[in-house]
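Next come two complexes built around chain A: one with chain B, the other with chain C.
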Partner chain A sequence: MGKIFDWIDSHFGVKEPHKRFLQRTIPPNVNYSYCLGGIAFTYFLMLAFTGLLLSIYYVPSEKEAFKSIIAITNEVTLGWFIRSLHKWSANLFIVFIIFHAIRVFIHKAYKPPRELNWMAGVLGFVVAMASGFTGYLLPWDQKAYWATEVGTSMFGTVPLIGDYLIYAVRGGLDINGTTLIRFYSLHVLYLPISMVIILWAHFHMVKRQGIAKRL
Partner chain B sequence: MKRRDFLKKVIKAFFLTLTAFIFSASIYIYPSNIRKRRFHYIYLMDEDDLPKKGVRKIEFHYEREHRIVNSRVFVVAGNDKFTAFSPVCTHLGCLVNWDNNKKEFLCPCHGGKYNASGEVIAGPPPKPLTRLPLEIKDGKVYVGIKV
Partner chain C sequence: MKKEKRFYPDYLSEIIFVILISLEVLMILALLYYPSIGRQIDFTKPFQPRPEWYFLWLYQLVRYFPGKSAFMGTVVIPVGLVLLLLLIPYIDKGRNGRLKAMTVGTILLLMLLVLTLISVLS
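What follows is the complex of A and B.
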């Protein structure tokens, strides 16, 4: 490991600029509650990895979506396992974001100079929730359909632009194959890309500003 | 022109283009086939099959854009008068069911409840159930819905 990595690093030069970050001293009085954000991030990595695997078998079309989910669960070797990992990681991702936010809130780490990082975190939470919402439709079963009916109807309650939003999100008057494609596209392209950018900014600010001192 | 002023203009032009692009994108994502729903009378059942009393759920289907749409309607029998209710909850669009024991329409999503006249008796719905016009012609019952 060492030799191969050193050879790569001698050409790529990634070790030196990251030394300050990777070999920094951890401030005193840090306990396990400071791991909550890291745990959430680990779930994000799990979601990205299992999501990539699921996308090999999933078919985002009106006729095939539900069938392909059944096939993933029952026919694909370890398909049930990958799908379950994705599902449970998604739930725990949200849970640990909330725990992390509570920890930050209790330690008042949202205060200046870290207020922008709090905002980035909130944005990340919104993207995580949006990913959950769009992912919920993809199995294309009754529960998914009605959850999306309810969820997209809420867009209609926005003043003035409600109708625009509801039709833009659904891709038509009703929920059908067009909605499924839209949600799939959001779920696998737009939202993950947004999430990566937000997390980069989040970690960048943690690196720059350090961890807030405890009260 | 100074370089500074020129660059300022370039930046302004860039943001203007960006705004135009975002505007076009938001038009692009809006579906092009959105049209107003049109009003249609659709055959429901024969006049003899109308309920004598109580509430009956009637399922029917129609075609829209080469797709069969399954739908249902609740027909409530009053004194020689029939009322048809859309099953779509006025809260967020789930389909309500008729609970014959409690004599109320119940929405499974957020617990909205309506009585047999379609009025809200509990839960979040902001409006009573939508009444649909019924038409009886030559012994056949038609319901008016927006398709």
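What follows is the complex of A and C.
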């Protein structure tokens, strides 16, 4: 085992940086409130994991979407549970982003040199909200349809370009199969990729700048 | 003055403990309250859906701007709130910087809480 790992490491060179990472010291005044962001990240990983599982059975089409949700809930082994985990992870993700932001705010951890990291966090929060909005349509039931109808109609209130915006968001005048595919694509490709990039930047800056000192 | 901790094993064991608790809370909630299957779409019966709790503040805000002023509630104010939040590090500058940032932060949080509460109770 050690030999195989050493061979891999001779090509990757991951041993040294990981040693440094694992053996670094942590400031003594760090307490459990510093875990809030980490908890949010845990729920993000659960969202990614359960999302990958759901995507195996979910069909993003006008005719099949609702049926596939019924199949996931009633037929697929533990499908109802995976779906429930996905939904709850999403809610808890948002809750803990808010708690984390409040903690950072109270500790003034947004002050230079960490101002860009604060902004990355706000962007991450916006992406999380957008993921919640696009994910809401995917079950393709009565609630999802009319909620998205109301939500997307807000784009129409923009002066001058409102109608174009609505058309761009819905892929038509009304919500239809095109909207579903558009939202599905945003929900499983664009937004998670954006989130991963934002989180990478977020953690990279934490590593570079260290944990902010208490007041 | 407390002793400095090392990431491994002191801090890592605490992190793993917190992760396990978070996952347990998630499992319990997911097992107790699982989402039901909704009703099939009925295009002829529009009904007023309620959004997820984290959009309720926006849902409530929009109601205060009927007709032509809707643009304020749907775009101007929400985008303004996000911009304010983004600019917090720059609001907290100079003398009284922290006071200004505190005021903005508290107002934002209270506004979201109050709007959400109004929406939940109505």
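By our rule, the second predicted complex is superposed on the first by the 200 of 215 C-alpha atoms of A that agree within 3 Å, B and C clash if a C-alpha of one lies under 4 Å from a C-alpha of the other, contacts with A are read in each partner's own complex, and residues count from 1 in each chain.
Rule of thumb we're sticking to: contacts are C-beta pairs under 8 Å (C-beta built on N, C-alpha and C of every residue); 3 or more make two chains touch, one makes a residue touch a chain.
Keep in mind it's a predicted model, so treat the numbers as computed, not measured.
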{"item": "Chain B versus chain C as contact partner of A:S55, first or second or both or neither", "value": "neither"}
{"item": "Partner touching more residues of chain A, whether chain B or chain C", "value": "C"}
{"item": "Which of chain B and chain C A:S185 touches, first, second, both or neither", "value": "neither"}
{"item": "First, second, both or neither for A:Y164, with chain B first and chain C second", "value": "first"}
{"item": "Touching partner for A:W146 - first (chain B), second (chain C), both, neither", "value": "both"}
{"item": "Touching partner for A:L92 - first (chain B), second (chain C), both, neither", "value": "second"}
{"item": "First (chain B), second (chain C), both or neither touched by A:M129", "value": "second"}
{"item": "Partner chain in contact with A:I39 - chain B first, chain C second, else both or neither", "value": "second"}
{"item": "Which superposed partner A:M154 touches (first chain B, second chain C, both, neither)", "value": "both"}
{"item": "Partner chain in contact with A:I102 - chain B first, chain C second, else both or neither", "value": "second"}
{"item": "On chain A, positions contacted by chain B and by chain C", "value": "146, 149-150, 154"}
{"item": "Residue ranges of chain C touching chain A (in the complex, touch as defined)", "value": "1-8, 10-12, 14-15, 18-19, 22-23, 25-27, 29-31, 33-35, 37-42, 45-55, 62, 70-71, 74-75, 82, 85-86, 88-90, 92, 98, 101, 105, 109"}
{"item": "Contact set on chain A toward chain B in their complex", "value": "146, 149-150, 153-154, 164, 167-168, 170-173, 176, 178"}
{"item": "Residue ranges of chain B touching chain A (in the complex, touch as defined)", "value": "26, 29-31, 33-34, 37, 67, 92-94, 109-110"}
{"item": "Contact footprint of chain C on chain A as seen in their complex", "value": "21-30, 32, 35, 38-39, 42-43, 46, 66, 69-70, 73, 80-81, 83-85, 87-89, 91-92, 94, 102, 105, 108, 110-112, 114-115, 118-119, 122-123, 126, 129, 132-133, 136, 139-147, 149-151, 154-155, 157-159"}
